[in-house]
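Presented below are the structures under discussion, each in the form of structure tokens.
Below are two complexes that have chain A in common, paired first with chain B and then with chain C.
Up next, the complex of A and B:
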């Protein structure tokens, strides 16, 4: 009992000590837990997907850029007589294309659309009667096919006969020729003539006289010259480089269209064309309205990202 | 006299202290309770990586044309994907027997990662889907990657003919133009 009695004074302080110690330990553990929790939360934040969906926006744009032209060109090939009908249908087809393409983005709460869409006017000129001379609708031999065209594509002339005989390159200027006058009066021209065999001569913008090009092996048949692709009867002829040395806008004319017969077809980025029939497929030569290119803003708007890119979609972008 | 009451007080204090300690430990365990399969912070890296891999795989497949090839790898007479089981018309153990399927197998098959591939498209104004690979129900931490494939009326099937026929799984969503349908390839990837 002496022990108990002796320890009585010391025991009087132990209760407080225990309480304080327990509280201190508990506070320390709670603080530790909070710290641990914070670090876990920080790691969560750090590894959370920070991708704003930019790759989806680019994927939408790529899909539009890579596929829309095919939809538009199909309408161009439908030979409309009226430009407003063509443009209405191109707009309808484009809207449907975007509706189908953007569907998966819209399902995830994203606005994916095309806005400020403008259709650039173009005209396709066609002569598909191989026995007809390359004159205008009223038979004029020297005439302008397209005026102020910012671009020309798919320009193919198939000369089928009746070529003027020319003995020397200098006389090429008396033969059937395609004359392209750029801005600043630089002229690129291409002549097809007969010099004991069919010959092609080209004059670039910086040159003063034409040069014979692509002889030998090219003319097993009547020359089918693709002026914009640079081929003769399907064979590459690098010397034919459309409008080399000139700058757009181009005025495209024929000279001595009465000295040859043939077919041709070209698409020019202008609505101002020469004396031809149409619009619509009729007696050659005729014109048809086409959409030369589509300029539009690809818009992709999600809660994290607003993306807008202006793209021009035309032949070759698909 | 005082010593006789202090015994209870000590006991109570000890209980309170013990409860505090226990409470702290329980709270700490709650904050960090993760299992290897739970969709939580600890495997977020894995999910991010799988998602990136799936997108990379689809990007490569789209660029080299194998994605489109897999979409049109269709058996017309059997109305199912080429090489799939006649009963279900889909694959359940691995990817389809084409380049896209082989890429899927090489990327995920050896890594103990399961994947579902579903094709979604427009059918008469509603969203329809055609499963290509069905390995089961994804877990909570599955990630998804999608890409679109544009089909035209003249897009050829690998088995001959074009997509414009009645036995293809997707209908012509644009009868007035060359566009046929836009197929969304959706890959769901999860760890097993």
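Up next, the complex of A and C:
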């Protein structure tokens, strides 16, 4: 008689095919799930922000470049008598400025700071007595105002009278003049003299004789010449192009300062100045220490970005 | 009755064999189908992943390029990327001339090319996948390095 119940061993062997197939399909499903996981991760990565904060870094730099000079200039205008006091206060205000600017970035875990900050020394020379001759503190008519200046700015001379009469254009060399000697002994000069009325003559570095400039109706009154801006009494005079044809560093001097009276003011990128009073506001002419420019590294560091740029901040950069 | 005796219970055996055979064929078909689907999905996923990685590298490279335009002393942009895709490593090749990022999965059968545009010269390099850095070199060139 056939064994209808079957043995126990036979029972165990039954359904092997289904079992193997089920396992294979289960493996495939697991593989699909893993792929799905990878796919979801990639979708997540794809939709993540790729912004590394580059615009924030540039914004920080622009804020520093655009505003730091005002902070420094405010201290320059406070007429210090001591350079170290000036520099201490400039440094303190700069740090405060950066602290305020960086606060917004620090909240998002970013280091925004200035490092390697150096202050470039400058000196402001002032004569504010319009009846005084343009001589040095002891009355010497030919004298050097500033030596080895890498730059000069805000140079304005307001000649108020006492000009030597001279016939144009040969004898300007006898008149009051501003002499700027560049590095290669090239000389740029500007003369103010009286030839039946005030005259201005300019000699560029490449020229040998001065030429009368900007005569027609430029100055009904005493000429106020801004040498660095190229204006006379506020009117543009393009022939006055400060230190044209010469290269820095400049030696700036006056000749025949006793042949004119007037006021002047200039800021030179040097601490080496001629025989003047001061430092600090006192009897003219006097000198005042100023910060000519600030050189600093703008640093912006986030987990994704390290940005460092060296910037020089000076008048006109804001 | 010898012949008749041999034929007995044949239909039981036959139906058993047929059942086994047909089941095997069906299951084989199913397995082959599933394997095909898995392979397809895998290739598609790999390609998508490489594409995403290539785009991210290109985007950060261009961000670094924009920063380089501001004439900085140093620029380092970090690109966070997975070390592996589907348990396989990958390589990144930067071609500065034509402006291409080529991301290739280990084994070489899957590769994706993404374009970028940069004004700063980009150094030709090959790096392994994972976190990368885009560095502005002292020669004012952008270089992609492993982080």
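Here is the rule we go by: the second predicted complex is superposed on the first by the 302 of 318 C-alpha atoms of A that agree within 3 Å, B and C clash if a C-alpha of one lies under 4 Å from a C-alpha of the other, contacts with A are read in each partner's own complex, and residues count from 1 in each chain.
We adopt the following convention: contacts are C-beta pairs under 8 Å (C-beta built on N, C-alpha and C of every residue); 3 or more make two chains touch, one makes a residue touch a chain.
Treat the numbers as computed from the prediction; the structure is a model and nothing was measured.
> Should the pairing of chain B and chain C on chain A count as a clash or a fit in the superposition?
Aligned on chain A, chain B and chain C fit with no clash.
> On the A-aligned overlay, A:310 touches which partner chain: chain B = first, chain C = second, or both, or neither?
second
> Now for A:25: first (chain B), second (chain C), both, or neither, which partner does it touch?
Both partners.
> Does chain B (first) or chain C (second) touch A:71, or do both, or does neither?
Once the two structures are laid over each other on A, A:71 reaches chain B alone.
> Once chain A of both complexes is superposed, is A:111 in touch with chain B (first), chain C (second), both, or neither?
neither
> After the superposition on A, what does A:297 contact: first (chain B), second (chain C), both or neither?
In the superposed model, A:297 contacts chain C only, not chain B.
> Looking at A:39, would you say it contacts chain B, chain C, both, or neither? Reply first, second, both or neither.
Touch partner of A:39: chain C, not chain B.
> Given the touch rule stated above, what does A:54 touch, chain B (first), chain C (second), both, or neither?
The answer is second: A:54 touches chain C but not chain B.
> State the minimum pairwise Cα distance, in Å, between chain B and chain C in the overlaid complexes.
12
> For chain A, which residues belong to both interfaces, chain B and chain C?
18, 21, 25, 32, 41
> Where on chain B does chain A make contact in their complex?
That would be residues 2-3, 6, 9-10, 13-14, 16-17, 20-21, 23-25, 27-28, 31-32, 41, 44-45, 48, 51, 55, 120, 122, 127, 146-148, 150, 152, 173-174, 176-179, 181-182, 184 of chain B.
> Which residues of chain A touch chain B in their complex?
Interface residues on the chain A side: 4, 8, 11-12, 14-15, 18-19, 21-23, 25-26, 29-30, 32-33, 36-37, 40-41, 43-44, 47-49, 55, 59, 63, 66-67, 70-71, 74-75, 89, 92-93, 96-97, 100-101, 103-104, 107.
> Mind listing the chain A positions that touch chain C in their complex?
For this pair, the touching residues of chain A are 17-18, 21, 24-25, 28, 31-32, 34-35, 38-39, 41-42, 45-46, 50-52, 54, 57-58, 61, 297, 303-310.
> Under the touch definition given earlier, write down the residues of chain C that touch chain A in their complex.
20, 23-24, 27, 30-31, 34-35, 37-38, 41-42, 45, 48-49, 52-53, 55-56, 59-60, 63-64, 66-67, 70-78, 80-82, 85-86
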